[in-house]
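Look at the two complexes coming up: chain A is in both, with chain B in one and chain C in the other.
Entry: the complex of A and B
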């Protein structure tokens, strides 16, 4: 990653790497914070000036790597619009939470090869604040009482060719939801809005 | 010595034991007694002699005696054994005897019973004999009766017989007559026959001749046919040749044509080469054309788009020109100030102007309102003015009246002063003439008069003041009047000005209304837009998307799916376990808690079609299989029935299978159901005939067809023929 991102300039490839890495850490943080996987399967890692938790579950790692590598490709093509972490109850199969990362792509970067001016430090600061918000959101999100699992949805262009391991899905809305918008960060090529929707507690 | 006697005694005892059971135990007892006495005797002897020798002797004796005693004891035991064996044998003999005795008794009783039975039978037989004798007598009587009836019948029959014999004789006579007739005819016919034979011979000879002729003719015919065939073949050949010739001619033509074509062929080839080159070129061109067509299509699309754009462009140009004109107008419109450089400025200016306009409008409104108020005031003032004028006139009249009045009063005053003077002179004259009293009287009178004058003076003064006041009022009203007039003039001027800008004002009013409406609308729309944006934002937050441009993808083997799969598997496993445990419980309940190899049993039970579902499934399967089987059986029965029926009709034999590998054939024409043939199929497939009652009567057929030709079908058909012929005979 460091090879593609120079000190003060961002290329499309570098931006893709940054966003993908953010997704990786963001998803890991959500999974840890929301208790989708047991806390003992996570290990500490230093990133964005924060101590983040990253899974050690091999199966989960494999899944995340597969998904993120595919998303990287789509980020590079700028065909991805949203990445959604859907948290579902296993018992009732009900969607309880949706962590939505809206990706706005500056499509001029596809044709322009000129790198943008923005320091990596600044970006990582922005990302750090987003992840801090994700971590802090535990305070207002309702407790997940039943056992839950998560799914990753990717909103892409309609005319995108679907890879073999992937299938089309519904948007998996929450029936009665409340939404909270979190911070935004941008690499000047990709702008990522973070928000969380959760089931209103009756 | 004792020994001998002991043996004898024992024998005697034994005899006694055999003879009587009552003295059984005594001999034994005696024996013991004897033994004991023997011992005591020994002891006594040992006590009597105490020396060593004697002791040794005694010991020896003792030993010998002991040996004897032992020998004796062994004898005794032997004897006891013998005794016991004898006792048992005796018992057995006794039991046998008793049994025999019982048997004999039983036999005797049985025989007695038999005798009784025999007696009873004898009596019964005697009774029966009596009955039979009676019956016999009755039978005799009946026999006689019957004899009589039969004799009568016989007589009847005899009569009939005589009658029939007569008839027979008549018939014979007739037959004889017929016979003679027939014989005559026969003779005649024989003669005719002879004649016919002769004729036949003639015809035969003729026939021979004819045959010869015919053979000749046949040979001729054959030759002719050969010739005909040859001719036909030749004709065919001719035709073929003709065809060939024609084909040859055609071929020639073709060849000529071909030759000409051949000459042109080279040219053609050359042309062909050229054409192929051209063709390849054309193909390339075609590809190019395709490409061009595609390009063309795309260009057409582009053209359409560009045309549209052009039209749009022209529209836009027109608009632009329009706009330019407008702009110029606008720019010209603002000649006074510096030219408008940009639309922003313009808009700013416009905004300013609008603002000023609004301000102006507001001012105008104020003005108008003030004007209207002024007009109303004016009207009021005019009214007041009129009032004041009338008042003024009235006041003037009043003043004039007052002036007249004052003049009159002055005249009066003058008159009064003259009078007063006159009176004063009179009074002076009187004063001079009259006394003091009178003077006092007159002075009071004067004083009074003077007072009156003072009153008059006051009144005059008051009147004068009033006059001055009214004059002042008049001047004031005049001033007011002038002011009002001035104002009226002003107002009139203002109203004139209002009339000039009335059209504009109307327009302005309309515009203002419009602006107000539009502003309201704008506000409403903005609110709506805000609401909608908020909604869109919310929907976006909820994860909504535009399905026309976006689709949602996810990894197929995502954790949710995996978890769900695991869950379903778990549930399945739990259900199975539950089932197993239920069975376990059931077994435990059935056996009351004591079961060995519980798990094995549970497994067995699970292996068995234990669950109701399995049973039901199996039942349904069984039912369906049964149904199928039944249907098949029915169909099979039907077809087999048909087949058998057809076989019976066609072959004339009904085939039954009484037991495996045996076939019973019953003919259609058999005289009794017992007439059937039996065949057996051996394991190697050969069919052998078995002997039956019926087959023994068919010896000839068997010899003929089975032995000689070894053909069962032939045999069967011969039997059928035989039976048919027999039946037809019997019918005939």
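Entry: the complex of A and C
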């Protein structure tokens, strides 16, 4: 009985882990599905009841780990508001796609240490459906014909002290864009809204 | 005018608090009424304003413009000239139309004004133009910016300074295939998927064909004749006419034929015997031309390279015979420790591939007279005897090789670089391999469990078709000179002819017309017009 109780409890730390993990798999899925990196540099992994593709490129892995570990800290402090994956054409430097993860934090969890009631299974199911939508997005997103690169932007609280390795950036919006909202999931502490904006084809 | 006076009487009687000055006024008023003042004006007004005045007309005018309150008017009766001004204190909020504006301090709410000014400044310190905009415009702008930026003003946007590594040089997004319309793939699919008959076109009996993996008992000549070794005899089947002739019969019943190979032109047949002899037969005359000895064990594989005939023996040696010379034995390759069961010269004659029961695949150069020859490459990846060998007709240095029961793999080699290009597990013993001349495909024949022939797409190595029918392992294969038909010989003592690489009729026609047009530019021009 005790085991089930602990399984269904979500602490701030656990919630942070879940959201950070979602970011990791979500970004990997976007990079694979949108063909930013060659498909042969990805390997299969089982997660959220799905077969997901994660990169095997050492440099890319290192970059993602560094960024996500920093975001994890901010998730824990609840100072992060958004994470944005910007996909830019290398040739024209034009932003073609913008994946936005809005994070809503329940700040009461900062003070009270009482864990919330929600089963991990349920959360993982919710996340699974978001990832599935990311996978399905190739059906409506326009083809990225030129070679592209990606960047990660983080929206944080105004008074956050920016670490050495990070620099301020513009929002990098897409002129003339179409937006599609994807599903939302919540750990009861962090609520993550997913949205993709892409350049309207003319 | 009596009714006026009566009225005044009543009103003064009722209004007990009226000023006392009323009394005398009534008296001169009465006098004035009697003197016949203007009857058209209202009596009450006249009574009040004209009272103090000696010029009734003047005071009458003034009263018309100013006063409707007779009782107060009379109180100011001591200064009749300034009657207009003296009345202003009674009506302070409606100043008369003058040429000066005197602000009314009590109406201006200084506290509220001060508060609003200070809070506005504190609230939006950055927006300098704010007070120039109308409130509605400000509101609009606020909503717009919220829509566009979210709560941009309250957050920082930061990004990691070291950026993600770019995709490798020259990488191109391959997702285009997902976006291409469905029309073109269907057309392509029509072209690629052709009908492959699942049953053999013809079945021939091959009694007493030896069930021996290490022999090569079939070959099809350029003249469309199929040579088949049945025990100790060699039969020729003319594929054009269907005639069967027995070419030879070995002398004793213990002897058997281990290999046959047609020279490129198709007029001579080389025959390898269990005694180690290699014979050369003239087909037109049905006569043996030469008997070349040298091998100490049976000859199970033969291959021609121009006038050079190479023969592989159970001893592991490969002998090269120049059939034009009396001293026919011009060279020996010793690279195998066990029987040589696969032997093939490449189409361009630059390489000789030999496979042995020692699981080795050797690639040799073309210099057959070398005194101490060494194989260019030795491939030891196969885990069983290497019998099935075939050179790719369109890629000069690509070789396909198949392994026996313990190996079951088809492997592809680039013999120019010595690299293994690909390997595929066929799940069954590989007995023979042939490349199609027409399609980018190859066919392999197999043993247990299905005894099938498998057609593969190259280089993807996806299965195109599986041809089943043999009831025992399919040991040998040969291809017709036009490339359309494959003959297979099984241990079940049958020969089956499969028309699996049939040329597309439409394609044929198109090619014919193209070649015709090429020869005759005049017709081409006329067609355009």
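Rule of thumb we're sticking to: the second predicted complex is superposed on the first by the 196 of 202 C-alpha atoms of A that agree within 3 Å, B and C clash if a C-alpha of one lies under 4 Å from a C-alpha of the other, contacts with A are read in each partner's own complex, and residues count from 1 in each chain.
Following the convention adopted for this analysis, a contact is a pair of C-beta atoms (placed from the backbone, for glycine too) under 8 Å apart; a residue touches a chain by one contact, two chains touch by 3 or more.
On a predicted model such as this, the values are computed, not experimentally measured, just so you know.
In the overlay built on the shared chain, the residue A:156 is in contact with chain B and with chain C.
Applying the stated contact rule after C-alpha superposition, one finds that A:88 touches chain B and leaves chain C untouched. By the touch criterion defined above, A:199 lies against neither chain B nor chain C after alignment on the C-alpha atoms of chain A. With both structures placed on the common chain, the touch criterion links A:165 to chain B and to chain C. Contact with neither chain B nor chain C is seen for A:47 once the two complexes are overlaid on the shared chain.
Legend: residue contacts after superposition of the two complexes on their common chain; A:181 is shown touching chain B, with no touch to chain C.
Within the superposed three-chain model, A:60 lies in touch with chain B and with chain C [touch as defined at top]. Note: residues 60, 63, 66-67, 70, 81-82, 90, 149-158, 160, 162, 165-171, 173 of chain A belong to the chain B contact set and to the chain C contact set alike, using the contact criterion stated above.
Across the complex, chain C meets chain A through its residues 148-152, 154-168, 171-176, 178-179. Of all the residues in chain A, the ones that touch chain C in their complex are 34-39, 57, 59-60, 63-64, 66-67, 70, 81-82, 90, 138, 143-145, 147-158, 160, 162, 165-171, 173.
Against chain B, the residues of chain A that register as touching in their complex are 60, 63, 66-67, 70, 81-82, 84, 86, 88, 90, 93, 98, 100, 102, 149-158, 160, 162, 165-174, 177, 179, 181, 195, 197. Across the complex, chain B meets chain A through its residues 538, 540-545, 547-564, 567.
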